[in-house]
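Both of the next two complexes hold subunit A, though its partner changes from subunit B to subunit C.
Moving on to the complex of A and B:
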């Protein structure tokens, strides 16, 4: 083999001009390919690890409740975070609550609509994360960590463009008006502690504030969470699988309250269970499964519907129209608040309904349930929960409604449209991967892949045409030589190997030259500064420079691809050369 | 002892719609260590006969045995091995490998045999190069040598594997008469030293005086043995 390699290498030097020409064309193709793949990698890196990670996370758990499902709130933050941590394991890079509000900001004589986004400054960041954050914010005045300052009211960082628009500078106050999670209009004062210069268009229109401050402004309690944005170490490989497993873990249990009831000075323990009453099918199930001893089913099925079991009614002296109080110990609050409800019916209890039970319309149940979430895991031992085999089980409420997983943004939009028609009263929990929530951004990657594919095609064309033509000429010129070496005793496979090796070496040298040239080109191109303020193309830049991310794996993959094309292309002419009869080859004259 | 035995050898070439009968039934034996010349005019079948004996062309009919082995029934790999191990070639146009120098050209067949160490290969090549008088040119490429020197390299290359037979197709046709004479003297000397059977074709009556035996061929048949 060593001998064949030596002959191949020397043969390469025989037609220097021709091989240099073909090698240059190949090197140019490799240059384009490495350039395109590195640029595409760079964009992917920006998209997956910066844009998508900032906008929605690689996996996003969103929770909406309230009228029109407008409030983004999960009532048990620790439970959600535990699930996220368990299901992501060592694939997790980071997770955070994603909170942003649209508001009207008033500066010094100027006003502007802006977005206020929460940043968690109280986490322990790795050096890499801290560096990434600092690079993202690119402070020109103040310090990133000033967001934690307690000397001023609601410290905030904004871009120099927005600071100019609001006519504010460091230490100035910005007054803001916004709606909190309860829909009430609130106002607050923010203090400018830093101004950043950022070429990323997503960062330019945003003011940043410590997440604790923004949650307080919006009315969140410490144990409540907004949507959770999860960033992964390898989002392209893991996002969908992680989203699926978190979705599986978020399957809701039954909703109930293990309550103390009181009426007419008498107390009793009972389980309050919600039923769905906004849907005709569910109404039918409830009306056919419960037999009212007193009261009307129509009243029970109204939004204020409450029906108690015959046993509870007898114990507390309740009849339709009488009032009852219930109270329970919330999971997170010390204070116990009594709720008063009016009884609309008394049902005949049996094994399936339970005898110490109260069934409540979901419209009445959930506001109380979510306002102070009971400790369901602790209370379950005191509660009666209908069996899943009960005929009305399907009509009972759960802790929340878990929306189905979707695969892309179109499916996701359809899902939200269908949910809005269902008018559910429980909170809706949704788990999305970036392939649904940021698919429009990811389409850009598809476009880049097409460019890369185009580069591969060009290269393929160069190699196929170049190698075939070169080998044809070479074989024609060396026909008598082939005859000679075959006559001397070289086997066909060795003759074939010589020609294939020549192509391989030419491709390898061209690939190495093309790769070196591509790195020089990338370096030169990334020296150029692009001033693209307020231009969407700014997302393609890092610190106003083109961002290339060549990887060893990518370069090796490209070279292997080119080598494979080259070997396959060279194989057939080489086989033809090796297959020539020695006598015929020796008779050949140019 | 016969090193080559040929019976009823025919070779036909299709040429358009007709068939050219290059060999029309050759019967001959060649004894081991002979220095034989095949003589005939152009187109008489000399090269075809040498090609078939040299296993680089196949017979249309008949039997060819080399060292007792029937070569017409061998497959391509076996035939190639036969050429490598038992036959040496000297061509009219020298046919050296241009990218290899003298030593490398001579070593070439030994390296294909893959049974000698590097030192053994070099020792054998150096010996042959010395015998053909090219020690001073051992590291020259063919393009740097004269016609006579190139043919000397070809002789060394043909003999380096210690073959049973060396076939030379008009070895002096591209050389002037003095150099041609020297080459034939060298071949004869090598035949004496190495005890190798030499068969060379020529249409030049002047070179016949070097041959020990002469076969005349005309229109594909032997005229006189």
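Moving on to the complex of A and C:
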């Protein structure tokens, strides 16, 4: 073999000019290929780990409640975070509450529409994350940790462009107007503690405040959470699977309130259970499953509908039209608030309905339930919960409604359209991976991959044509030489191997040269500064420079691919050369 | 993109919010009598607001914004409280001409003339992604939304004053539910007939956000309709909107609250 390798190398040197030209073409192709794949990887990295991660996370859990599901709020933050941590395990890079508000900001005589985003500065960031943030947000004045300052009112950091628009400098005050989570008009004063420059156009209109401050401004209580954005270590591999497993873990249990009832000076314990009443099918289930002793089913099915069991009615002296108070111990709040409701009906109780029960229309139930969530885990021992076999079980409310998983943004849009028509009164919980919530960004990444693949195809064509042509010429020129070495005893397979090895060495040297050149080119291109303020193309830059992300695996893969093409392409001409009879080859004359 | 989106909002937002306010104030009876007691005054206003007839009117808005000059917006407004329906058709500016909004019961649509499409909006959702919500138009009782504000001694904050030369009662109310625009309001109502003359709205933090002046009323079917109102933006000084209502009719509107009628009207 060593002998064959030496002959191959010697043959390469025999046709220096031709091989240098072909090798140069191949090296140029490799240069383009490595350059394109590194740029594409760089953009993918920016998209997955910067844009998608910042905008929606690789996986996000969103929760909407209230009229029209307008309020993004999960009432038990710790429960949600526990599920996220359990289901992501060591695949979790980071998680954050995604909270941002559109607002009107007034600086020194100037007003502007802005977005205020909460960042958690009390969290410990890894060196990698810190580097990533420093690359994305370059502080011109102040530091990000100034957001934790308690010396000034609501410290805020904004971009230099927006600071100029609002005519504010460090230590100036910005007044803002916005709506809190309930839609109430809210105002606040923000103190500028930092000014940054930012390459990412999406972030240039954003002001940052500490998440605790923005949650307080928005009306969140300490134990409540907004949507959770999850960043994964390997989003492309794990996002869908993680989203599926979190979705599975978020399956809701039954909603109920283990309440103390009071009416006419008498008290009783009962379980209050919500029923769905905005859907005709559900209304039918309720009306066919409950027998009213007094009151009208039409009244019960209205949004203010409440029906009590005959036993509770008898105990408290309740009839349709009478008022009843109920109260319960919330999970997080110390204060117990009484709620007053008007009874619309009394039903005949049995084993399925329970005898110490009150059934309440979801529109009446959920606002009270969510405002002060009960401790369902602790209360379940005192509660009556209808069996899943009960004929009306399907019409009963759950802690929240878990929306189906979708696979792409089109399915997701359809899901949301159908939700708005369903008029759900319970909170709607949704789990999305980046493949649904950021599909447009991912489409851009896909387009870049197609462009890279196109470049690869062109390169392959160059290699194939070059190798075939060179080998054909070589074989033709060396036909009598082939005849000679065959006549003195060289085997067919050795002849074939010599030609294939020639191609392999040529490709290998050209690939090595092309790879070295590509790294030099990337370094040179990375030196150029692009000033792309207010230009969407700025998202493709890091620190105003082109961003290449070559990987060893990617480069090796490319070289192996080219080698394989080269071998396959060389094989057939080499086989033809090896297959010539020695006598015929020796007679060859041009 | 975000900036462009937000800056396109104020027309709709302002128009719709003002219309909601106009609607709420559109039917105040001249028979109102002065009542010392905030709850009583609120109840009185509430009773007088119960409009039983249909309404059709032309609404002209003159919006003045700092740095943007003055912009006029005109629209036709149809409302029927008996089945919670209303219909708005924009007349001006030209860019908005023919666009409209339709609500029937729980359904709320936005119509765009250019594309001839109706976009179904949940009645509780924001309009076009803005903070203007369809439920701003819900007929909601003031006593269900607000309680009288009380001082340290537990008394209603209510005092007789003069607004210019007119004797008024000044009283404060605080929201008792979450889903109201302004958590705190101060009203100045005439002592002689209970007509609101001035209203101040405050943010949750207590900052004065807006002052409304009800400058002129007219009587339609024994109801007072404020035909000239001025809304002053106290947060962004210099912004103000003048609302003028004309051509008020209380004739029965018939079956006009449907998509076909809005589409036809928009042509």
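To be clear about the criterion, the second predicted complex is superposed on the first by the 590 of 590 C-alpha atoms of A that agree within 3 Å, B and C clash if a C-alpha of one lies under 4 Å from a C-alpha of the other, contacts with A are read in each partner's own complex, and residues count from 1 in each chain.
Definition applied: contacts are C-beta pairs under 8 Å (C-beta built on N, C-alpha and C of every residue); 3 or more make two chains touch, one makes a residue touch a chain.
Since we're looking at a predicted model, the values are computed, not measured.
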| item | value |
| --- | --- |
| Overlay on subunit A: subunit C relative to subunit B, clash or fit | fit |
| Contacts of A:572 with subunit B and subunit C, given as first, second, both or neither | neither |
| Partner chain(s) touched by A:461 [first = subunit B, second = subunit C, both, neither] | neither |
| Subunit B versus subunit C as contact partner of A:489, first or second or both or neither | first |
| Which of subunit B and subunit C A:453 touches, first, second, both or neither | neither |
| First (subunit B), second (subunit C), both or neither touched by A:175 | second |
| Subunit A as apex of subunit B and subunit C, Cα-centre angle in degrees (nearest 10) | 150 |
| Subunit B versus subunit C as contact partner of A:581, first or second or both or neither | first |
| First, second, both or neither for A:530, with subunit B first and subunit C second | neither |
| First (subunit B), second (subunit C), both or neither touched by A:185 | second |
| Closest approach of subunit C to subunit B (Cα atoms, Å) | 68 |
| Subunit C-contacting residues of subunit A that also contact subunit B | none |
| Residues of subunit A that touch subunit C when the two form their complex | 66-70, 102, 104, 106, 111, 113, 115, 175, 177-180, 182-188, 205, 219, 420-421, 423 |
| Partner subunit A, residues of subunit B touching it in the complex | 51, 54, 56-57, 76-77, 80-81, 83-85, 89, 91, 93, 95, 97-100, 108-109, 111-113, 157, 161 |
| Subunit B-facing residues of subunit A, complex | 3, 7, 10-11, 13-14, 480-481, 483-492, 494, 581-583, 586 |
| Footprint of subunit A on subunit C - complex, ascending | 2-3, 6-7, 66, 106, 120, 122-126, 131, 133-135, 175, 178-183, 201, 203-205, 207, 209, 235-236 |
